[in-house]
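Shared chain: subunit A. Partners: subunit B in the first complex, subunit C in the second.
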Partner chain A sequence: MIIKLLVGRFLSSLFLVIGALAILLPFIWMLSLAFKPQNEIFTDTIQLLPTRIEWGNFVKAITETDVPLYLMNGAIVVIGILVFQLLFAVPCAYALVQRNFKARTFIFGMVLAALLVPFHVTAIPIFLGFAQIGILNTYWALILPFVPTAFGIFLFRQFLAQVPADLFEAARVDGLSETAIVWRIAFPLAMPAATAFAIFSITAHWNDLFWPLIATTDPNLATPPRGILFFRDEESGDDVGPLMAAATLITAPLVIAFLFAQRKFTQGLASGGLKG
Partner chain B sequence: MTLPALLELQNVSRRFGQTTVLDDVNVSINDGSFTALLGASGCGKSTTLRIIAGLDRPTEGRVVLNGAEVAEKTAYERNVAMVFQSYALYPHLTVFQNIALPLTMRHLGTLGRMPGLGRLLPNARAARSHIRQKVGETAESLGLSELLHRKPSSLSGGQKQRVALGRALVRDPVLFLLDEPLSNLDARLRIKMRGELVSLHKRTGKPFVYVTHDQTEAMAMADQIVVMIDGKVAQAGSPRDLYDHPANKDVAAFIGHNAMNFFEPGDGLAQLNGVGDKAVIGVRPEHLVPDPDGALSAHLETAEFLGSETVLGLRTQNGKQVTAIASGEVDLPAEGSQLNLGVLAGRFHYFDSQSGKRMTEVTPS
Partner chain C sequence: MRVLPRSIRETLTDAWLVGPAAVAMLTFIFLPVAAVAVFSFTDYQFGANSFAWLGLENYERLFGSTLGQRAITNTLLYVSIVIPASVGLGLVVAIGLHRMAEWAPGFSNVLRAVYFLPVAATLVAMSVAWQMVLHPSLGVVNQALVALGGEPRSWLSDRGIVLYTLAMIGVWQTVGYNMVLFLAGLVAIPKDLYDAAEVDGAGGNWSRFWTVTWPMLGPTTLFVLVITATNAFRVFETVATLTQGGPAFASDTLVYALYREGFVYFKAGYASAITMVFFVILLVLTLAQFRLVERRVHYR
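Our next item is the complex of A and B:
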């Protein structure tokens, strides 16, 4: 009986480890290469651990390439997108939950429908529009298309729908305007949902290559994934150590941010949108 | 004695689509009074309160506050305070911030409310110290001084209730509205808070409007009770008025700790009083007492001894079930034996058997 249980545990753990290895292997290899000296990278045996830790790869990535610029561009774009998304999605969600207006159900239906439309469908019309008004090759071109977020509105709506209506009424009696209720009551209460949403938004846009490739050609506006491409072109692939160090630098902020927000993130998803 | 009412609902109706929730409601609340809106759930009492508060608007009719029509004004513009059944404390704010919020909104501008910047503006600093002092006084008077830095989730039900009261008190409103504020408390605490609410009412001297479905609460606290049935005001008056002269059968059935006995024309009591067959006779259990010379005889079926009194369940010859109350001191016959009951003088109520309305002109022979 106990042996059966142990075997079951062992097997399920084994499968998990195999699955995790399959997913993590490229990252482990990336880390390994980033810390290896030049002459250990291309050998005929597989050596996971370097004989000595080579920080030079990182020094080279930071000082001799544009990686710091790419990181900063990434931060500007990602934070810009997130701030504007919250600025519009939270009031929209609040209105959908708390305000009575004629087309409310219809508009919520449209939000749900918009969830089903992939971004790539709208990319070309947006590109043409931006070309018309001449904002291609600016930060705005990278930020604006993602500001209206059906997913954000949906997530916040589901979360706010579970907040007792009494709270908002009490706030009205206390003299808060509807705008004040959104930012002083609804938004702080929706913090778990906001954290979950922030993780999704930041990951998606930090890693996005598709849209920066279309909307920008200026190397000075390159976001991290776009930058890696420039980097590879210039070095034509033979300086793998600094390239992997750069990739590590670009992956690290997301991993660190996720580790910090992990608990709030799962809590937000559990009590917020996806269940409701 | 004809003070102009502080607040009046005049012919107020409220409809949601096809359903009529309030139908031609007239309520008048005098300054300094304690009014209870009493009714079963779904009778429209909460909607009435929300219309008084300004959280909802009447479909028809006028809301008059201090002589001015306010139906279109917000709760804040009317300066009413409301305590919600669920307390509605802001979970992300401390007790201090909860109580201070109405003042923060009133005394500080947008800039002054900003966490860091507000400290730098000189007049915001004066307002802040004013707010701190007011909140401190209010918390002191409710015994909350020790809890000011706690979050609502770490408070007990009674403490949350006090914080909700504090948030209402701190802004010095013209009218307090309470929506079943005690229904989430356990029985013992409820009776204690009842007393505190009454003394709070005395202390502030402001009118209270109190929504409840519990007639005991209404009778114990209010000086005016408005009984609402099916979206209409069935009767408004003092507790004694409602108890002694219920306007109709429904009010009579609702008011009183023990439900009133109603004798239909065929039930054996009408003939005794010679009122013919157009009246239903109502007798409260506490006015129907064992009496050897009593005119109504019945089998004793159950007897609940409660200490100060004993509740008797009886059945008359006609099979009519009757409740009576005997003093706890009385020695009772065994269950199943015959018992004579008499009605105390002047304690008959007569209601029209068709409309249910009170009949005053009936004189028993």
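Our next item is the complex of A and C:
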């Protein structure tokens, strides 16, 4: 009985470890090539790990390519998107929960309907509109389409609906304006929802390639995924080491954040399942 | 300053709170959807000054031409590989880690983080890494194949296997997400159900699974299936990074075709028709997902 249990545990652990190694394979290979000297990259024989650590690839990726610019563009775009999303979504969610106005059901219906629309569907007209008003190839083009977030409004609404109404009533009695209540009472209370939403939003837009590929052609505005494709398509095939170093640098921020805040990350990204 | 009547002030406050979000949704979601629907019946091209009505011609072209059919069948094949593989593996890994948590919680947590890593990692950068893993001569996969006496393969430029390679990367990326959803479902199964099953003679691993785990995971499984489907139909990043639909359109998919026709060839009308077909598929899946979310809430 004990032997059967141990054999079972051994076999299932073996399966899980082999699976985990398969998951890690591209990560290991990326890091390995990023730290390998040139002559160890260009070899036909299998050599999983570098024999010595070569920092030159990272130095080259940081000093001789635009990778730092791509990282900065990524930060500007994801933070810009998040700030505007919150500015628009939190007051709307608060009003949907706390205020009695005629159009409330209609607006909530709009939010639910908007949840059904994947971003890809709206790309052609938005591109056309942006071309008309001449803001393609700007940061605005990368940020504006994502400002209305039905998912964000929905998430905040669900969260605020669970907050006792007395809290807001008390603030009103104290003479706070509705705007002040939104930002000084409702928003701090909704911090757990805001964290989950921020993780979801930042991950989604840091990783997005579809819209940056459409809205920008200027390499100076490239977000990290767009930028690494510029880098890859320019290099003639002998810069594999720096390319892998660049891929590492671009992947690192979110992966490190995930490793430090695993529970929050998993929750945030799993909540995105609602959005589909 | 004159004080406005209370009712007007209240209305202004409502408009101030809700207005920006409502206007933004109209501008960036609802108007564009209406515009795409209209474009899909025209021959509109980006930059053109006029357009003509084509009726259903764009749709006929999508469903009737070899290229259009190729994009649709490729997407369906991709989805039909990724769904069962990533849901099945996600379930198996979740059950394995859930059991392991009883005797080695630390190691179980480490493995869980590893499986989830591709979900957090930047898919485009990881696709570039995959390109090197699968590189014809410098890639570790072919080097291992050769070392074992096998034939090296062109994983990304062989028409016969390129779509399967992309599907494999799709599975690699989704298993961890599905695992997390299944783990949440497993934790929610009450312990006494297993005790009761044991009293009823279902003590073995298999009978425990079939009498308790599987039925109790039913709602979670449906939910995971639908989410995986919605994500798989959107496949774009790997295609754009690794194959650009090639070779010879062997890995062309709906979203990539929409991107290429619309934004490389500037055929907005035809690309809008592709968009609408994609939209209808996703609409059905997302509505199903909403129903399931609602049901799940009622279960608890």
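One rule holds in what follows: the second predicted complex is superposed on the first by the 236 of 276 C-alpha atoms of A that agree within 3 Å, B and C clash if a C-alpha of one lies under 4 Å from a C-alpha of the other, contacts with A are read in each partner's own complex, and residues count from 1 in each chain.
Basically, a contact is a pair of C-beta atoms (placed from the backbone, for glycine too) under 8 Å apart; a residue touches a chain by one contact, two chains touch by 3 or more.
No experiment lies behind these values; they were computed from the predicted model shown.
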| item | value |
| --- | --- |
| Partner chain(s) touched by A:I107 [first = subunit B, second = subunit C, both, neither] | second |
| Contacts of A:G19 with subunit B and subunit C, given as first, second, both or neither | second |
| Contacts of A:R172 with subunit B and subunit C, given as first, second, both or neither | first |
| Touching partner for A:M1 - first (subunit B), second (subunit C), both, neither | neither |
| Greater residue coverage of subunit A in the superposed arrangement, subunit B or subunit C | C |
| Which superposed partner A:P164 touches (first subunit B, second subunit C, both, neither) | first |
| First, second, both or neither for A:V182, with subunit B first and subunit C second | second |
| Touched partner set for A:W206, first subunit B, second subunit C, both or neither | second |
| Subunit A residues within the subunit B interface of the complex | 164, 166-167, 169-176, 180, 185, 188-189, 191 |
| Interface residues, subunit C side, partner subunit A - complex | 10-11, 13-14, 16-18, 20-22, 24-25, 27-33, 35-36, 39, 46, 89, 92-93, 96-97, 99-100, 103-104, 111, 113-126, 128-130, 132-133, 137-138, 140, 143-144, 146-147, 172, 175-177, 180-181, 184, 205, 223, 226-227, 230-231, 234, 236-237, 240-241, 255, 258-259, 262-263, 268, 271-272, 275, 278-279, 282-283, 285-287, 289-290, 293 |
| Contact footprint of subunit A on subunit B as seen in their complex | 53-55, 74-76, 80-82, 84-86, 88, 90-92, 101-102, 105-106, 167, 171 |
| Touch list for subunit A against partner subunit C, complex | 8-9, 12-13, 15-17, 19-20, 22-27, 29-30, 33, 41-46, 48, 87-89, 91-92, 94-96, 99, 101, 103, 107, 110-118, 120-129, 131, 144-145, 147-148, 150, 153, 178-179, 182, 203, 206-207, 209-210, 213-214, 224-225, 228-229, 232, 240, 243-244, 246-248, 250-251, 254-255, 257-259, 262, 265-266, 269-270, 273-274, 276 |
